[in-house]
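Below is the structure I would like to discuss, written out as structure tokens.
Labels run A, B, C, D and E following the written order; every chain starts at residue 1.
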Amino acid sequence: MSTITLFSASDAIAAFLLAHIAYVFPAPVKGWITSGDVVLGLASLIFGVILLGASMINTIMLIWWERKLLGRFMDRRGAMHVGFAGLLQNFADGLKLFRKDTFRPSKADSLGFWMSPTAYMVTSVVIFGILPISTGWNGGSLPLTLLLALVIFSFAPLFIFLGAWASNNKYALIGGMRSAAQMIAYEVPILLAVVAVVVLSGSFNLTTIVLEQRNYWFWAPLFLALIVFLTGMLAEMERIPFDLPEAEAELVEGWNTEYGGMLFAFFMLADYVRYLVGSILVVLLFLGGWTLPTYVPSALTSFPLAGIFWFMVKAYLVFGGFVWVRASLPRIRTDQLLRLGWMRMVPLALLSVVLAALVVAAHCLPVLGCVPSMGG
Amino acid sequence: MSGQTPLPAKVPPASAGPSAAIADMPLEVIGQPGVPFVEIETLRAREFIPAAKEALTSLLKEQANGKLIRPVFNWAGRNSLFPLHWGLACCAIEFAAAFGARWDAERFGVVPRSSPRQCDLLIVNGTVTWKVAHKLIALYEQMPEPKWAIAMGNCATGGGPFRTAYSVVPGVDKLIPVDVYIAGCPPRPENLLDGILRLEQLIKERGA
Amino acid sequence: MAEPAPSPPGEAPGTEEKPLLWVTRPLATAARQFAKSLWRPSTVIYPFERLEDPKFRGEVAVASGRPIGVGEIWDNYRGVHALNINTCISCNLCAFSCPDVCIEMVTVPGGDPKHPKKCPQIDYGKCSFCGFCSDACPEGCLSMTTRYELTAHKREEMVYSPAKMFEVYKSKLPMNPIRVERPKNEDQILLDPPICIGCNACARDCPTQCITMLDIPKTTPKPGEKVPKRIWKEPVINDSDCVRCGTCISVCPKDCLFWGTRQ
Amino acid sequence: MSEMWVNMGPQHPMTHGLWNLRVRIEGEVIKDVEPEMGYLHRGIEKISEDRHYNEIITLMDRTCYVAGLAWEQLFIVAAEQALHITPPERAEYIRVLSAEFQRIASHIMWYAAFVQDIGLMTPFLYGMRDRDLILDLFQSYTGGRLTYEYMRVGGVRNDLPLGLTDRCRKVCDWLMDRFVEYDRLCLSSTPFHERCDGLGVLEAPEAIAYGVTGPMLRSAGSRRDLRKDRPYSVYDKLQFDVATATTADVTGRYLVRMEEMRQAVRIIRQCLDWLDDHPGPVMAAQLPRWLGAPYAPVGNEAYLLKRNYPTGVGFSMVEEPHGEAGAYIVNDGGEHPYRVKFRSPVLINIWASKRYLPGYRVADIPPIMGSVDVCVGECDR
Amino acid sequence: MKTNELAARLTSKFGEGILGVDEFPGLLGRVRFDAAIASKLFHTFRDDLGFAHLTMVGAIDWIDHREVFYTLWSDADRVYVMLSANLPSDAPTIASAVPVWPSANAHEREAWDLVGIRFEGHPDLRRIFMPEGYAYHPLLRSFKIHEPEDLEVKVRSE
């Protein structure tokens, strides 16, 4: 395969590095160092570091993007004085938070208090790692990537609730409970919407799902599922109008009330990684991933890293849509949120599954002359 | 797919060492049994290790002098001041106006947070009474280091028009250390921004 | 108790707003604002642009989408005080009229040793910028400028000495132009002649020098009464020059001066 | 979860100021509330006893910092009654103009804070932006953005500058457009109605029993407005309607305030027309200087000695943006009032939360308390 | 209703308890009453005369005695009336108006806090503005405002 993939690139880097490091060691060690296992190990490490770095930089750019967009929605400018157009603002924020005192309230549970932000962060980054972003950037091309991503995505309430309970604060506890209830409630419609996509594409592998969208993107036939998925994602991501766990007006800062410094930065970054992951999932499942429609001139799709570029443009635009919603809607209440989830979203999602099945059936009808696109 | 991509069998010695002999030698030969250990590599190692050591020492020295990482953190700290979202009295309205569309304090990275754990700037925007004084101190103590305090307006600075009253603390500097005072009753939002810029200057000079 | 009645119709449309397709209208409103503020949000980039700049006034501001210039008639703003030391007459009126008692009269060089020249020193940690002092200043030497930035690292820096305020004056900032008219029927300072001992204290301390001690022909002493061996003098106050500061009343040892209206 | 007491305040985003709402909750349902005040008690009534009448005006701006001119008017009406002074008519019109602009500014401030409570962030900035225009107008003739020190016993400090009325008209037109935008962002959105409809219901008889006034009372259908019922200043010469709603809930209060802003624009336009046609003095002609002059060197004790002071009492109730504010001034014949007593509508409106909060959920506290329009400065004084 | 009508009605009902009904600028009148009949008078005003709204309760310290005043609003007559009672300085006690008008709750707590009037029958007569345990009633004339310098000394010593 001639294309450079992320893993082959990190492999090359590892081999290159090891070959040079090997200079300074005597022969037996040298031989071991340049052997395949070590190269593979180092390559995995580099692979991980690249993913981590990419997720962090993307996250920070996402925060910048949200602040600038939100500023324009609000008739103001947003961060603009630190770095060009405020690009360095979030790096400053991050560095500052890492340097600040990190302390645990005296009555908080030590293990839970320290563990939950770390675990929340790790799981969020892992999802980013396994999602394909282009044909080359393909972390875990497992047959069931989609399921794996959603499973890890739903770990979050556990850690949030753990952290909220451990901080021994009433606001945090209420926020954690709301968060858990809300995330669990919206798993169902999200999964049903995903089932619609799976029915249409016939695979749980995200790469296959993207490739299945070469003729048409799935948002058109599965518009209902897209709506359900977007709503569910808003709820899973705890953004306005569903940001009840962090509802500032009643619960100070929600479940991270007692967190400060680095741990707060972990929560914040992990949140934005989740926003990124949510946007990426929307792009993968409904907006054709890294592909562009065929009528787009090939000059736009043939430059290096074009796949990643267009994918990120789509993901940031989707996130811009989330920001738009945040700028214009109020927060709703827990009971209304749950009612919306169970009474509206689940039936809609079921309906969209039926629609997807109908579309597949239409494909199979020889009358229409379409080729069934099952398999993969 | 990429996950199953086999290891590249041969890595071409694209940019090899300085020695021509080494550069010409195929890479996998080095370190194979039977190939003699080349003296020049040892020399390179001997050169490399003290050089690396020296570089590391100088780095550590610079770090100890506060020239390496501290300026970066200082830059970060002064450019992202999170004030506590707390309105005391009249100045709180101008405090809010400073975050409104016209002045937009977020341009400087000033974002109010509601929880003192996540803040590093306490803007005392209004009259402090004895009844709330201990709560103010508690909030200040809940903020993690490094932290700063701004006394915004006359009431926080010196009690203002109410300093003769029985219930008012005549100046918040009696309770917590104040870094910057802002005059005005209430100060214009520009004045608040000016105070924040002045605090940034102070952090830059004083280091923190 | 009044019985419930429906809300009367307002003048403007918009009160009948009803939800349309859940959330479309708020989304559209936000998007419209987004498009409007894409190129020029209403933010004033403060340290680089200032509201009192000409670009935020008048027609220029209107052209950029605002209904009125943001900094219209900025000169009326009550900011930091400017003091013209040269014309200050040390009348204490500013200190007396200050509701927050933040003005202290301090000695400045320039007076004679007997009557040191005193000018106001303002503690901005107490001043509430009400403008009573500049309204009260009879000579117009203490006025408020449009300067609003005043920050300090130390509490002591918040105290502005006369010299510091003179520097503000010399920086030629626009002054607050509104002058308050004096009322037509001001109270005057009257004398209770029988009590006056002619001690000259009032004339000595009068900041405007509007009190002159004039010889008063005393009535013929009654037989047996001792006539003091000195010239009787009585203060005569020039009403047009008097600034009504009340200094003479406070220095009068015999309390023979009082407020009133001359018939 | 069993019952527990939660302290909301004094540092809490919901409170909009320094007060503490202690809430007893069971799960998420409110069982009982206990408002705690006094965190901003600045002893204004006591300080006023040692201040000259004109000096108390500087305190009035700070008593209610979102409606300074309304409180100045409240005090001035009572003080003029206590001192037997009649201001010129032009001054009265300027006062009404200022008070109505202040009403709009205060309601916009309320709107900005309220929508933030229910999670809408954008209108907060729109509100602050539009309020700044009104503050610009205030600054152009009073010299202050928030603390004006403009009204004096016997009139106002200075006349309106040239061209101000035109600018006021432009701002009025602009504001009328913005009100439509506010409604689009709130009334047109289903989540807003889901969040606010039927919350914090306080029917009129209970509202009156609990002393609740202002938009909260009018939202229950009562047509009570002191500007109509007991006209002070020149309100009897102006045309306007009393804004009411029938639902007595959060949405009703929203509707009442929005309509009040439109009515205030209507009043302002009438005032502007009158002011254009009737130039004249803005300060009463026959004023002893110590009393009614724009300034008085009252720090000098000698200045105040040996004068003949009138005696009297002054009582005024004013329809302030938050509700009915009252002032009672006892003048026993001195340079200072003997006793000044203010009635704060906010104190009572918050106090009645014991009646209208229990039964709802914790998530409903921000919209309900936000709809009260809390200004702690005047509540604690 | 006119002031003299009110006076006639009240005097016929309470007799000695009403000490006088004065003209008061801008109000229907000021009813001076004996503190002993307070509770009955409140009921009369609310039930018979239609003053459903209690707007203000305040107190004045006249050094030799203290005065409590209530202002009431009638929706039907659109008029305010003021009730006032003199209480002795050493035992300033009067019946609470809370059973009649619940809105009196906060007002009476304020009057207790600042002027030291005791309202009997008040459900929860605590300080409202000053912290619990504060020793003074600040609006009494005997309570002098601190000089700020005194306070600074106090702060430093703490």
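One rule holds for everything that comes next: a contact is a pair of C-beta atoms (placed from the backbone, for glycine too) under 8 Å apart; a residue touches a chain by one contact, two chains touch by 3 or more.
Everything numeric in this text was worked out from a predicted model, so none of it was measured.
Where touching is counted per the definition, the chains common to chain A and chain D are B, C.
The chains that touch both chain C and chain E are B, D.
A count of C-beta contacts for the chain pairs A-C and B-E puts A-C on top.
Ranked by how close its mean Cα position lies to the mean of all protein Cα atoms, the top chain is D.
Distance between Cα centroids is largest for the pairing of chain D with A. When you average the Cα atoms of each chain and compare centres, the chain farthest from chain C turns out to be A. One inter-chain figure worth recording: chain B and chain D are separated by 42 Å, centre to centre, where each centre is the mean of the chain's CA atoms. Averaged C-alpha coordinates put the centre of chain C at 26 Å from the centre of chain D.
Averaging Cα coordinates per chain places chain B and chain C 44 Å apart.
Among the residues of chain A, those touching two or more other chains are numbered 71, 73-77, 80, 248, 252, 327-329. For chain C, the set of residues that touch two or more other chains comprises 1-2, 23, 26, 29-30, 33, 41-43, 45, 70, 99-100, 128-130. Annotation for chain E: residues touching 2 or more other chains are 52, 75, 129-131, 138, 143, 145. Of all residues in chain D, only 4, 6, 8, 12-14, 28, 115-122, 125-126, 129, 185-186, 189, 191-192, 194-195, 361-366, 370 touch chain A in the complex they form.
Considering their complex, residues 129-131, 136, 138, 143, 145-148, 151-152, 155-156 of chain E touch chain B. Chain contact summary for the complex, chain D toward chain C: residues 51-52, 54-55, 58, 62, 122, 126, 129, 132-133, 136-137, 139-144, 147, 149, 157-158, 161, 164, 167, 170-171, 173-174, 176, 179-181, 183-191, 193, 204-205, 208, 220-224, 241-246, 255-256, 258-259, 262-263, 265-266, 283, 285-290, 292-303, 305-307.
Taken together, the chain A residues at the contact with chain D in this complex read 70, 73-76, 170-171, 174, 240-241, 243-244, 247-250, 252, 326-336. By the touch criterion given at the top, residues 1, 5-8, 11-12, 15-16, 19, 22-31, 34, 36, 39-40, 67, 71, 74-82, 86, 88-89, 91-96, 99-103, 136, 138, 140-141, 207, 248, 252-253, 256-261, 264 of chain A touch chain B in their complex.
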